[in-house]
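Contents: one structure, followed by commentary.
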Amino acid sequence: MDFILTGIVFLPLIAAIVIMMMKVTGDNNGKVVGIATLASVLTFAGAIALLVMFDSHHHGMQFVQSFEWVPMLHIHYTVGVDGISLWLVVLTALLGVLAVYFSRDQKKNLQYFLALILLLEGGTLGVFVAMDSILFYVFWELMLVPAYFLIGFWGEGNKVYATTKFVIYTLVGSLLMLVGIIWVTMVHYELTHTLTFDIPTLLQTQMPANIQFYMFICFFMAFAIKIPIFPFHSWLPHAYVACPIPALILITGAMSKAGAYGLIRFCLPLFPETIANWGLWIGSAAAGGIVYGAWIAVAQRDLKALVAYSSISHLGFIALGIFAFNGQGVEGSVLQMVNHGIIASALFIIVGILEQRLGTRQLDQFRGLKKPMPVLYAMFMLIALAALGLPGLNGFVGEFLILMGVWGSHLFAGMAGLFVLAAGLAIVFASIYMLFMFQGAMQEPVDEKHGSVLDLSRREIGLLIPACILVVMIGLYPKGIVDRVSPAVDHVLHMEKKYKSLDAGSGHGGGH
Amino acid sequence: MGSEFVLFISAAIFSIGSVGFVIRKNPLVMFMSVELMLNAVNFLLIGYSSFLNSLDGQIFALIIMTVAAAEVVVGLAIILTIFRTRHELDVDRINTLKG
Amino acid sequence: MYSLSWLILLLPLTGFLSLSWFGKRFPKLLGGWFACAMVGGAFLVTLLMLAQLYSESPADRLNHVQTLYPWIVSEGFSLNLSILIDPLSVFMLLIVTGVGFLIHVYSIGYMHHDKEFNRFFAYMNLFIFAMSVLVLAADFFFLIVGWALVGLASYLLIGFWTEKKSAVLAARKAFVMNVIGDVGMLIAAFMIFEHFGSLNYVDVFKAAPTAFFPNDDSILLITFLLLVGAFAKSAQIPLHTWLPDAMEGPTPVSALIHAATMVTAGVYLVARCNALFTMAPFTMYLIASVGVITAIVAGSIGMVQYDIKRVIAYSTMSQIGFMFLAVGVGVYSVGMFHLMTHAFFKALLFLGAGSVIHGMADEQDIRKMGGLRYAMPITFITFLIASLALAGFPLTAGFFSKEEIVMNAYHGQYGNFVFWGLAVIAVGMTGFYTFRLFFYTFMGKSRTPEAKPHESPLVMTAPLMILAGLSLLGGFLGPWVHSFLSPVFGGAVPMHHDDAMLEIIAVAAAMGGIIAAVAIYMTGKDQLAFAKQMLAPIYEALYNKYYIDEIYDFLIVKPVKAIGKFMEERAEKLGIDFSVDEVGRQVREVSRGISIWQSGKVRIYALNMVAGMVTILLFVIFM
Amino acid sequence: MMEFLDQLWSFNLDRETVYGLFQQSLVFIIGMTAILASLGVILCASPIYSALYLIGNMVCLAMLFLLFNAEFLAVVQVVVYAGAVMILFLFIIALLGSKEEKRELSFQNFTALSFVGLLFGELLMSMMVGETKPVLGQVTPEVVQQVGSAKAIGIELFSNHIVPFELASLLLLVAAVGIISLAKFSYKPLRKRTRT
């Protein structure tokens, strides 16, 4: 089953290319939608198969497939998953199905829209499975291209500004990352005189202390902008508000996780010393972002902007957990990535449905939709409760683990209480804005003009049901997820350094 | 009276050519200046080919002539096209590339 | 047998799930009776547990932990989904499911006309489930889960009438206030984990006496943070403002959640964590002080309100203040005893009020009632019994429990004269506002002659009668409660203090309150107007609940909104966003500056080329 | 120069010396003429004179080529350059009309002159590098005399330099295609387009 990862990644990409090549006349989009749906569903089936076959006791890479890509530079095409990326792959595949399913209502140029959605899905999956740093970089950039067009062509409002800002901002980071990748490879080359871009090998290299900080900055900037960590978030509200909802499902659910994934994959094992020195500051930024996003969300009236700012807050939780640099924090972050992927995408779907029905997203334009839309009421309530971190649902599990990690973190000693307090404040704010959103939209007497709005169709229920089920399931039994994550996280946090530099002091080994 | 003089003549013609290219506004004359520069180089190649008992210089000169011919032909065609569209030949006013 | 205890959780959960999924397909009354059956079943299972506990010796009754499945395993941290059966949890569950069952039955009559009958019962079952989780939790994590789930149920039920704006706002307020409490408890849980390496009650309480010195910083902080949760849930000052607003929900909800069970969870928490609180005497003083202050403040506000449910709500706050006073001075089982009697008579009072509201066609203002004793005899009698019990009339349930509290406020481990004096004043207030309410509602002549009050159906009055019986006789259960709970509290049984003087003063205070109410409200209007006039400024302050809502609005709500707006407009748009854009703009400006070189003039390009050649040649020649 | 004067002074004139003297003075005279002609190219206001001076310059260079034993290239220079290419120039000038150009000494021209002066100085400096170690080839003038200039070049071209030669032919082909495509399509006048 070596080819399964390759299949998962390339199925959407190939389908995207096929769709782009197809000649579609008029409104006859049936075949296009069919191919896109088929590709995304097959991808998801592959991801489920992956989940079933995954060996949860093994910390290393599984399903590895590798062959030479650029022999001259020793660049390989290598893919593999471990416990951290496994769930992100499954999540992305699921969101891909939802996004394709939801994009059918796109009126404008459906063919290319679907193709780009699939491209985005494939790129994101590629990032999660790539085990060669150059391949990782290629997929990383591949994610950006469809996102650029999706926001720029199909967006709304100030879309060109939003997409330009998004792309340039992200690109600045990712170019720095390219520098970092090459730098790490060169350091490894100097130590061992073998040129390799293989991530597991590179991670076992001890980076010289004097340059570690700069290398860390190279990687960190890319990931911090992608997540985004406060104060690098300024592209997010614009991009999210402008982005069409189906694309947003993937962008918020999967793409923003790529940054956090990169932090865990590269930064934690490569630069433990730098993180030990600077983790407190980054943690402060993340904690600040948690409060900041939540506080601004309280003042929002536009549903999309509200969810966007709440995302900043929730993504801050993820970053905080990662830089807690201990088992609970990182595992909680991985769990919270999955949770946020589910919850935020479901919230955006709800916002999209409301906008389709009512033609507006401003909270003061409508109210009392419970009466015409009882099914949406129930689902919205469940998702909103999960988003505000109600114990018993999934959001809380992640937040609990993260905050527990933060509380026990050695890096945050002294400040941990303050961070947790800030997070607590954000949880209170989350309940305020989520209830404000939910109650403002669904409760109170309904307006005359919205009295006969249609409730969810079967298709829309189908879109929200997976999220509802997962929200409850993960809340009830998080062990299923955490068990697969924790060996890998443990491995990442206690990475053995095989290749040590000279100034590290311990022995003059390392192949001379 | 050997290679120094060849160098001198070549350098002089080359410099004159480059002055012509920079200070003249008529694209035709600018082209002629380019031809001057090319010829200067050709002369240098041939002279040294003779001093060093090698035919390589001559071969290069021959190829440079080919290139020059092609360049002149294309260049003149472009000048002609520009003239057809703009009805003037002042290179200073052909500045669509201005940033 | 203990393994059956899962049924206590499972039955209400089944009720909730089936009613919320298939709610529309259930015939109306069937749904209600189904929900009742679920709660009744849970009650029966609880009785079974009680019997099981009785089959063991008192010392063996502790720490029966039932584990369902491992919930999470992380680095150095693992949690099981498990429940704890011991006398305290069974005692609390008996109240929750027993009173809950009666209120469920009552609701069938009360909610009969509501369109969303089944949804109501689904939420009610959810509440019972959540409360059972809270009570049965075997570790702090599931305590928090239950803690938040009851908050959710409370939120759903307060805002049950979603088309009523005030209800929606009240629900949100309640939820947010409770989340503040949750966060406090969350942090407390982290600290507990940090110090004990576990969240299990069994481990933590066993280790607590040796882990700290009394009044250690960390134990004070832990207990204080736990208290934040307890105060928020139990509506103690300063986190009390949600409770009066919560009366926007249906009356059975107020009876079940905001009188009998959920709001007393704070008391339960303190009793449950007695091993921790014992180590922190300072916190105990804080509990007792807050309790007694709340008792006074809430009682004084309750004296002047006109909404029948709000009066009872303030009375609830006041009574919970008494309970906190009891646990604060160190007599946990007395607090639990008052919790039980309070559950009986306060549920009865609310249900009676509900019956009145039902009979008066949803009228809640007591100024528009009066003379209902003829129209609603059963309600009248039961309401009278409840009022007597609440006021602490001798030999009713409330008399015994309250008398013990007042006595212990002086004689208890942390008791002193101030607590006792304030408690006595609060007792007096209790008598006054209870009978003021009673007189307004049932005595005199009807103030709205057009109203046609009628007695409620049997399905509503039957629970009233049962609760009335319990309110009358429940006080005699005191010794049983103390001995049953004593293993949980380290084997301590509260001593009986023979101090006739204090007892007489307390009873006299209660009687004084009642007599004052009689004097003002039964003898004509002049006294009322006179009293109002004399005490106008105080009256204003009381009527406006000491302006606490307004102060909070000014100090917290408005600044939060303003800062949010400020951050959005200044920090976000003009700060971060602008600076990022400015970087881009500056880059563009610089390139525009550089683009002078890109003049589009061929000759200048050529010149640049020449210059380049010159430079390179210079380099070649001179280097 | 000193050598020449020395020999003149000693009247030690044999046939080779006179021949060498003659050749050197020819190189000198023709080279100077070429420089003057090239000056004429850039200094004449009217392009038609420039073109004529350029022809002169090229013919001079062709004569110099002859003096350096490159008969074939000299012929090519005259036929292709001075002939075909310059005819092309003259055609274009005739087609576009020769407009006289104002001469001015603007800042730009001054800068250009100073830079080029510098460049010229630098080029002259390369003469002072002095004796380098030449890598002499086998193709002495005698060898060329034997086979003939054209044939020698042909052999060289088709043996050692076949790739550049083919590439040059490709270049000519591309140029031809380019010109055809330029000539084929008509263009709208640019003036009507508004600048954005």
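Every chain is named by a letter (A, B, C and D) in the order it is written, and numbering of its residues begins at 1.
Note that a contact is a pair of C-beta atoms (placed from the backbone, for glycine too) under 8 Å apart; a residue touches a chain by one contact, two chains touch by 3 or more.
Remember, it's a predicted structure, so these values are computed and weren't measured experimentally.
Comparing each chain's Cα centroid with the centroid of every protein Cα atom identifies chain A as the most central. Chain geometry summary: the mean Cα position of chain B and that of chain D are 8 Å apart.
With centres set at the average Cα position, the gap from chain A to chain D is 66 Å. Our note on geometry: chain C versus chain D, Cα centroid distance of 101 Å, whole angstroms.
Spacing of chain B relative to chain C, judged by their CA centroids, is 94 angstrom. In chain D, the positions touching at least two other chains are 108, 112, 116, 119, 123, 126. Multi-chain contact residues of chain A, defined as those touching 2 or more other chains: none present.
Contact with two or more other chains is made by residues 18, 22-23, 25, 96 of chain B.
Applying the touch definition to every pair of chains gives A-C, B-C, B-D, C-D. Listed in rising order, the residues of chain C touching chain B in the complex are 595-603, 606-607, 610.
Taken together, the chain D residues at the contact with chain B in this complex read 1, 4, 24, 27-28, 31, 34-35, 38-39, 41-42, 47, 50-51, 54, 57-58, 61, 64-65, 68-70, 72-73, 76-77, 80-81, 84-85, 88-89, 92-93, 95-96, 99, 101, 108-109, 112-113, 116-117, 119-120, 123-124, 126-127, 134-141, 144, 152-153, 156-157, 160-161, 164-165, 168, 171-172, 174-175, 178-179, 182-183, 187-191. Chain contact summary for the complex, chain C toward chain D: residues 603-604, 607, 610-611, 613-614, 617-618, 621. On the side of chain C, the complex with chain A involves touching residues 20, 69-77, 141, 144-145, 147-149, 152, 159, 162-165, 168, 171-172, 175-176, 179-180, 182-184, 186-187, 190-191, 193-194, 560-561, 563-565, 567-568, 571-572, 576-577, 580-581, 584.
Chain B meets chain D in the complex at residues 1, 4-9, 11-20, 22-26, 28-29, 31-33, 35-36, 39, 42-43, 46-47, 49-56, 58-59, 61-63, 65-74, 76-81, 83-87, 89, 96.
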